[in-house]
Amino acid sequence: MKIREDKIDEFALLEVSGRVDSENAETLRKYLMELGGREQRILIDCTGMDYISSTGLGALLMLLKLIQKKGGTLKLFGLSPRIAEVFGISGFDKFFPIFPDLDAARRADA
Amino acid sequence: MKIREDKIDEFALLEVSGRVDSENAETLRKYLMELGGREQRILIDCTGMDYISSTGLGALLMLLKLIQKKGGTLKLFGLSPRIAEVFGISGFDKFFPIFPDLDAARRADA
Amino acid sequence: MKADETLVLKLDNSLAALAQLHAAVGEFCRRRAIHPDIEFKIDLALEEVFTNIVRHGYDDSDPHEIVVRLHGSRERIRIRIEDDGRHFNPLLAPAVDLNAALSERRVGGLGVHLVRRLMDQVRYRRQADGNQLTLVKRLAGKEKLT
Amino acid sequence: MKADETLVLKLDNSLAALAQLHAAVGEFCRRRAIHPDIEFKIDLALEEVFTNIVRHGYDDSDPHEIVVRLHGSRERIRIRIEDDGRHFNPLLAPAVDLNAALSERRVGGLGVHLVRRLMDQVRYRRQADGNQLTLVKRLAGKEKLT
């Protein structure tokens, strides 16, 4: 797993790539909590995400809850069909605003 | 671009990966025409497809027309969000049955 | 088509063994020319089962062995996981309520749900000294087993 | 943030030059830390324009030079393509009918449509001896230019 942070427009842009498994999801969770604490508008780029298991999904859900409580925005984009299917099976697709790519994510109102 | 053919259940399974550009789309077109001539039920695995331009899209449309004329089946799966967006912009998403992954594609009626 | 084949893995009850599990599944699937979409699902289901045993299976802090058997045939992959932890039948675990609102969804509790949805069949057998869980993923044929 | 930068490419009117075009766009975008989603769209739009010039622009079989200028600023990438081929304004090309039935859709005729949809702005200038097409892709800011 690799995490890389950038800025675009008024968003914090977080790229999470590689394998997010139960061994490294704790690293992701800590990063997301810290990010959620200081940022109000967040985009997560999942283009390079090859794999995610339930612990990583849980970390994302925790961030979403945190951001919504703050009245902020969290959007995901670039989910491969496999990752999108895992989101679907988990019922997460109705909680997270999911977009095909960066342009679509940053331009959408939400 | 790489083309690889396999069999699964009653389907011919064609994996098209890498970059499909106007330079190599002619190779794809020839392959698809030959495939469409001899097969009735075809799955195309786009998981590894990084790029496709209009000439490649045209080759796929040609195959779809051929297969539908024969009363056969053509299904695509594994489109990355970028590729899916190109299909969407082209209006091809309403012509091609598109599935997230192999399991979904082979099990769906069509 | 490849002959039947069984691969036996003996793993420590530690999340550090996940890398080993993943590598073995990858090799097994590539050798048998299993489609990467199927490998992805096997990989994920197996991680969920394994992680649950490591996290929830034991009261002590002793080392334990978790045995994973991958059996490949033309028609299916069968995965059998045996542990000597606390008795737990995931088929009896309460289902995730996919209609719940965000505020009602807890962080966690997805593992068993994913396993059931990713595999074609899940069987549980209670053993004197632990659990045996069998996962089946079909490689050929349409029907979803249950 | 990176300083403004212009890259000029002089290409043969041959599909074989696509590899060179693609490599140059890739390098330019990586050097400027352009997001791969944006690179993908620039790559695709530019291929469509270039391929059209090669395929439809010339009556003769003489070699011609097609000049592509990539200009990067903080706010946008501007791509200017100049050729000495037949006059053609893609902004006047008939739109693709996305509601047409499959039987009415022809194989081809998508290139110009893709360019217009992938870019934020497309401008055409007829020149004495050819065409100048300018594509703009915004890097920052919400609004879709037109």
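For clarity, chains are labelled A, B, C and D in written order, and residue numbers in each chain start from 1.
Here, a residue touches a chain if its C-beta (ideal position, glycine included) is under 8 Å from a C-beta of that chain, and two chains touch if they have at least 3 such contacts.
Since this is a predicted model, take the numbers as computed values, not measurements.
Listed by label, the chains that touch subunit B and also subunit D are A.
Look at where the CA atoms of subunit C average out and do the same for subunit D: the two points lie 49 Å apart. The distance from the centre of subunit A to the centre of subunit C, each centre being the mean of the chain's C-alpha atoms, comes to 26 Å. The geometric centre of subunit A is 32 Å away from that of subunit D, both derived from CA atoms. Computed centre separation for the pair subunit A/subunit B is 30 angstrom, with centres defined by C-alpha atoms.
Shared contact sites, meaning residues of subunit D that touch two or more other chains, fall at 37, 40.
Multi-chain contact residues of subunit B (touching two or more other chains) are listed as 47, 77-78, 82, 101. Interchain contacts give a graph that is no line, ring or star and is not complete, per the touch definition above. Two chains count as a pair here when they touch; such pairs are A-B, A-C, A-D, B-C, B-D.
For subunit C in complex with subunit B, the touching residues are 33, 35-38, 40-41, 140-142, 144. Across the complex, subunit A is touched by residues 47, 77-82, 84-85, 88, 100-101, 104 of subunit B.
The touching residues of subunit D, counted against subunit B in their complex, run 15-16, 18-19, 22, 37, 40, 43-44, 47-48, 51, 96, 98-100, 102-103, 105, 107-108, 110-111, 113-114, 117-118. The touching residues of subunit B, counted against subunit C in their complex, run 6, 8-9, 45, 47, 77-78, 101-103, 106-107. Residues of subunit A touching subunit C in their complex: 19, 21-23, 51, 53-55, 57-59, 61-62, 64-65, 68, 82, 86, 89-91, 95.
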